[in-house]
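All chains are identified by letter, namely A, B, C and D, in their written order; residue positions are counted from 1 within each chain.
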Amino acid sequence: MGSVWGNHFKLTIFGESHGGGIGCVLDGFPAGVAYDEAFVLSEMDRRAPGKNRQSTARREKDLPKILSGIFEGKTTGAPISCVIENTDTRSGDYRNLVEHPRPGHADYTGRVRYNGYNDYRGGGHFSGRLTAPMVFAGAMCKLFLRSKGMEVGSHIASIGQIMDTPFHDVDIPQEQLAELRAQPYPVINPRAQEAMLAQIDQARDSLDSIGGVIECAVTGVPAGLGSPMLCPAEGRISSILFSVPAVKGVEFGAGFSIATMRGSEANDRMYLDGDTVKTETNNNGGILGGITCGMPIIVRAAIKPTASISREQMTLNVTNGQVEPLVIKGRHDPCIVTRAAPVIEAAVAIAMTDLYLEAYGYARS
Amino acid sequence: MGSVWGNHFKLTIFGESHGGGIGCVLDGFPAGVAYDEAFVLSEMDRRAPGKNRQSTARREKDLPKILSGIFEGKTTGAPISCVIENTDTRSGDYRNLVEHPRPGHADYTGRVRYNGYNDYRGGGHFSGRLTAPMVFAGAMCKLFLRSKGMEVGSHIASIGQIMDTPFHDVDIPQEQLAELRAQPYPVINPRAQEAMLAQIDQARDSLDSIGGVIECAVTGVPAGLGSPMLCPAEGRISSILFSVPAVKGVEFGAGFSIATMRGSEANDRMYLDGDTVKTETNNNGGILGGITCGMPIIVRAAIKPTASISREQMTLNVTNGQVEPLVIKGRHDPCIVTRAAPVIEAAVAIAMTDLYLEAYGYARS
Amino acid sequence: MGSVWGNHFKLTIFGESHGGGIGCVLDGFPAGVAYDEAFVLSEMDRRAPGKNRQSTARREKDLPKILSGIFEGKTTGAPISCVIENTDTRSGDYRNLVEHPRPGHADYTGRVRYNGYNDYRGGGHFSGRLTAPMVFAGAMCKLFLRSKGMEVGSHIASIGQIMDTPFHDVDIPQEQLAELRAQPYPVINPRAQEAMLAQIDQARDSLDSIGGVIECAVTGVPAGLGSPMLCPAEGRISSILFSVPAVKGVEFGAGFSIATMRGSEANDRMYLDGDTVKTETNNNGGILGGITCGMPIIVRAAIKPTASISREQMTLNVTNGQVEPLVIKGRHDPCIVTRAAPVIEAAVAIAMTDLYLEAYGYARS
Amino acid sequence: MGSVWGNHFKLTIFGESHGGGIGCVLDGFPAGVAYDEAFVLSEMDRRAPGKNRQSTARREKDLPKILSGIFEGKTTGAPISCVIENTDTRSGDYRNLVEHPRPGHADYTGRVRYNGYNDYRGGGHFSGRLTAPMVFAGAMCKLFLRSKGMEVGSHIASIGQIMDTPFHDVDIPQEQLAELRAQPYPVINPRAQEAMLAQIDQARDSLDSIGGVIECAVTGVPAGLGSPMLCPAEGRISSILFSVPAVKGVEFGAGFSIATMRGSEANDRMYLDGDTVKTETNNNGGILGGITCGMPIIVRAAIKPTASISREQMTLNVTNGQVEPLVIKGRHDPCIVTRAAPVIEAAVAIAMTDLYLEAYGYARS
């Protein structure tokens, strides 16, 4: 398996980069959610290549065609299906890669996994293009979560060594999330943005690529979502975050740096704000014992540098067993982190919707 | 839900710290695996408190009583069930915590999640004691994986700021894993061990606690386990790693530091070693496109400092809404990282078993 | 797999007839349900052998020992685990069956399924004894459903050719269900009971066994539970009804006889009774398009005659390939239908709880 | 949820009768299965309306457009997605049904389930048209099963009171299944066919409809598929059979009539045929203890008469609470049983594929 996710609603993503089309199905999505087409398209546009100087040469017209599940402007409760056609695909570019699996890509593992029958063109089902339907699904989930008072947003926490100001751990205003959403390179500190773009230019100039970290937050989360033991909220969220290609690490709240803390520092003190239990700090990232506590969920995902680089690399020729030089033709994104923010948000929004539906069911959601 | 995990076999963990007992059920575990009782008990002993200077005062006799699934020394294929009795529990210690939820613990979120009906004594279902059945399940999975040529091992990568030598990313000898398993404080660099223990002593002396990181490896992994998109191997492994209480971050291979790399550094070059495809580096931690590539799986989990500390803390009194001082009585582990290694290994072994069974089924496993 | 069921809560059943014990775990069961021990034990007593003239010789003391999930008389929301010890087991009786798989039993298929490692003693995991934890789980679910206004009851619809009066399809008073529950042989028409018992005696006298049908009803069902297409309420209910050993057919409402009807007869006419939409007939058994309509759910399960019979049978000797006579020693229930009613009810109650939790979630259930 | 099915591969079906299109996604389908387009289209043609005298007036061009998962004539292992456009839909016909839910249909339950947001046009997601993608998915599964030596076939066991000769329970030649597949009205006894068609004509002439039973068989089944207890093969198969609209009963082998048998009759005697264990009779329908025994699987599904009939019916006007006459406009199939055979086969083929993949995994399937 691999392309279905969810316990309390199900997301199915399908498609291969150079096939007839890609898309997704959302089964069990709540009925009666107003479909805001402008919002959904703007989310997809945030992810789309071709609009900025980090773009890939290929132009994708990622217009989702909705086949079912929306009627008279609202979700029907039946599966929402969406198809994005593949156009402007040139398969000729990829023949060479059958013999020379690209380092850092899934060309080799995909071949083993599927006994050699995988569609290798453009990465096939492994293509980053498959994140387009994930962003569509995430946008639908954001509309649902918004109706329940939740907002999902993110910024580029770092590109290479350049770091943005992190989210304030206990106070993330909705306006900030809206502003970040409107930016082509969502960062909190404008000076960091300049330095990040310089890093990316430098990587491109050296025919290389560079990685980074996305920090994502969810505000307005009700306390009590998730479960202890084997289905904690962190586990649900991370299981879909690692589905985003190139993610190699996921951390919540203080994350790995909590390992260097003392308990007296790491423990978040509770107090009452009106009727609401809050904490003074949020080192646990809004989740305690696998269950949301009502504070913002804060999660970071580490994204590796684009595996496709312009410079020559050595790789195995699987036919003759020799290590040979490989040049991957075409133009390559020197940094996918700048486009990853809406994808990471989408993954988090999908996980939050699943956790919410587990708690409240479809009858009252 | 929360206490069932797995797609191709199912682990169920049950119990509350001060109830009649805790335990687990393994459904769909392969038939015909020889039960090595000495090994299983030694694994459980590695996790058990009371044997070293970081011990909690409570003595646990975590002897698993197997009720089903093993017959004439082999697994039968029917569910393996195991019960560990709770003895030596003193519920009186915990009454105070109903009013004063402990910072960093799930007392508050557990109350919300279960509408106030949760068994609060000793953390109830949230207790670290519930990792005992997980270690039992992990030991069973290790026996199965071993029969398929896989070994799971780990070491303490760091305590506070003190770091051990990391695993060699492409060459982890079986002897090293065996040696680590035999150590009470599994570290690669003996000098790091001394410094770590000093850190722990320091934390205890200041009535505080300290966190750390466990690095875990799986060797002998066949290529082709896992799936792209929504069920990647990283997602499966992380979803259960976050089930281990106190884990706040999970990373594979180079992990978060891959975000600072260039693509030319991060891409692992392939070559042929006899009949086997290998890579010169292992920044992807043995997984590409969500699928194992045959290199060792390397994963790290960040573990927060023990939430229970001896010094006085401020917390909310949920009855009167005031912030009041709280002293958590009893003796507390100043560092659970030293006991976490077998638990992290267990989680990884469970995930690997699920991935293996997905690929090969029960009929020939 | 095989011994875990449920999407919105999970039931795990474990154990083998002659192992250390059998039992179950209920994960995701709602918190705050009052535990009525007398009711649970009375349900288990309804299933237990040894109390009537159809009894097997073996005395089972099916006292469930609850290890977790109930605290201060209420469910905690954490997994409820229950163990029933196996006592009075004589393994010596079963050696012969390794060579001579019993006709109508799972001796042969169990051996193939588990590559010869299955615990064959007393049927092992296939034993009818495993229905005891199912009845425990069903009793817990009945307590929950009752708190939501639902009642589950049943009667023996037939033994051999002798048929009881069926349930009134649109009007099943709660008193009737209570009366049936109190009967050792629950039938609506007392004269049918006499004839049924005579049939059973006749079967026993001829060293044979006899089958029958259980009809089960759920009243007070809210409209809107279940889903169309691939997870209809009928599919959910039938998937667990076929888990009851010996069930070979399941039908809803008019069931197989609806196939002989005209549409004008089969269609149930709707009308309004106060605020409630009702139907004049209930040929669809309370479910339309996979979704409950608010009328009673009516379902029947066909139960085959006990496979173990006292008379000599011919069967394959798997060692020498010859067909040889087999006598199954011990005393055998000539009819398990009389004990099946609480098991069928339990299965239905479990399915209804899952459907209810899907609709309403845990937060408000 | 509702529109995703499967544990070891996942089928998702989407679409509403009058939306943009319907279709399905098969995730986890084995790689390397040759795509036989002619076979798939012939299967879909068997289900399609418009070709015979029982046809509905609406012409469906159920040409599946495959968007992904097939490359160079073979399945890739990535999700297979297929879309069938909706054309020739006239929504005007259905406005009246919002007020007057049709008896026997899901108009009322669909409204409750989806809080009034369901697409009511033409039954929406409840439409029998949704069986078209199920037949597509079933055809793919048949191709896979055939590569493993299994064949799925069926015949009309009865229409109203008219019964066809049943399958021979232990000997179903492949040629018979092929012949049945080629018939527009698949029956074993040609005389029964005439009588059935007369029954259908009679129902149509009286502006009514009529039901029936489909008997389905799977040959070449390996022993050892399925599980005891909570996931028996019967439970898996029935859970998707009840997904076929209008199915109200499912039985295996002797089915409900086994309830009238003695154990000595019902028990199937084993013998050895060459290396293969066989049984002289097949009252258990090829499944014992939830596990296939190697004999043909025989299963029957009861199909209710078409709920849409031409004659006037009384139904509730949900706006004013009155019972009022309703005439459902358009032409209606007086009997859907004749078209149901390929749908029932598809459901069974899907279940068998899931059971097979559980046993053998993807790596060797």
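Methods note: contacts are C-beta pairs under 8 Å (C-beta built on N, C-alpha and C of every residue); 3 or more make two chains touch, one makes a residue touch a chain.
Quantities reported herein were computed from a predicted structural model and do not represent experimental measurements.
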{"item": "Maximum centroid distance from chain D, chain identifier (CA atoms)", "value": "B"}
{"item": "Comparison of A-B and B-D (more C-beta pairs in contact)", "value": "A-B"}
{"item": "Rounded Å distance, chain A centre to chain D centre (Cα mean)", "value": "38"}
{"item": "CA centroid of chain A to CA centroid of chain B, Å", "value": "26"}
{"item": "Whole-Å separation of chain centres (CA-atom averages), chain B against chain D", "value": "45"}
{"item": "Where chain C touches two or more other chains at once, by residue number", "value": "1-4, 7-8, 13, 28, 78, 113, 125, 224, 227-228, 358"}
{"item": "Chain C residues within the chain B interface of the complex", "value": "1-4, 8-10, 12-16, 19-23, 25, 27-28, 31-32, 65-69, 71, 74-81, 83, 113-119, 124-125"}
{"item": "Of all residues in chain C, those that touch chain A in their complex", "value": "7-8, 28, 78, 224, 227-228, 357-365"}
{"item": "Complex interface listing, chain C residues touching chain D", "value": "1-5, 7, 11, 13, 101, 103-106, 108-110, 112-113, 125-126, 130, 158, 160-161, 203, 206, 208-213, 223-224, 226-232, 234-236, 238-243, 245, 247-256, 258-272, 277, 279, 283-285, 287-293, 302-309, 311, 313-316, 318, 321, 323, 337, 358"}
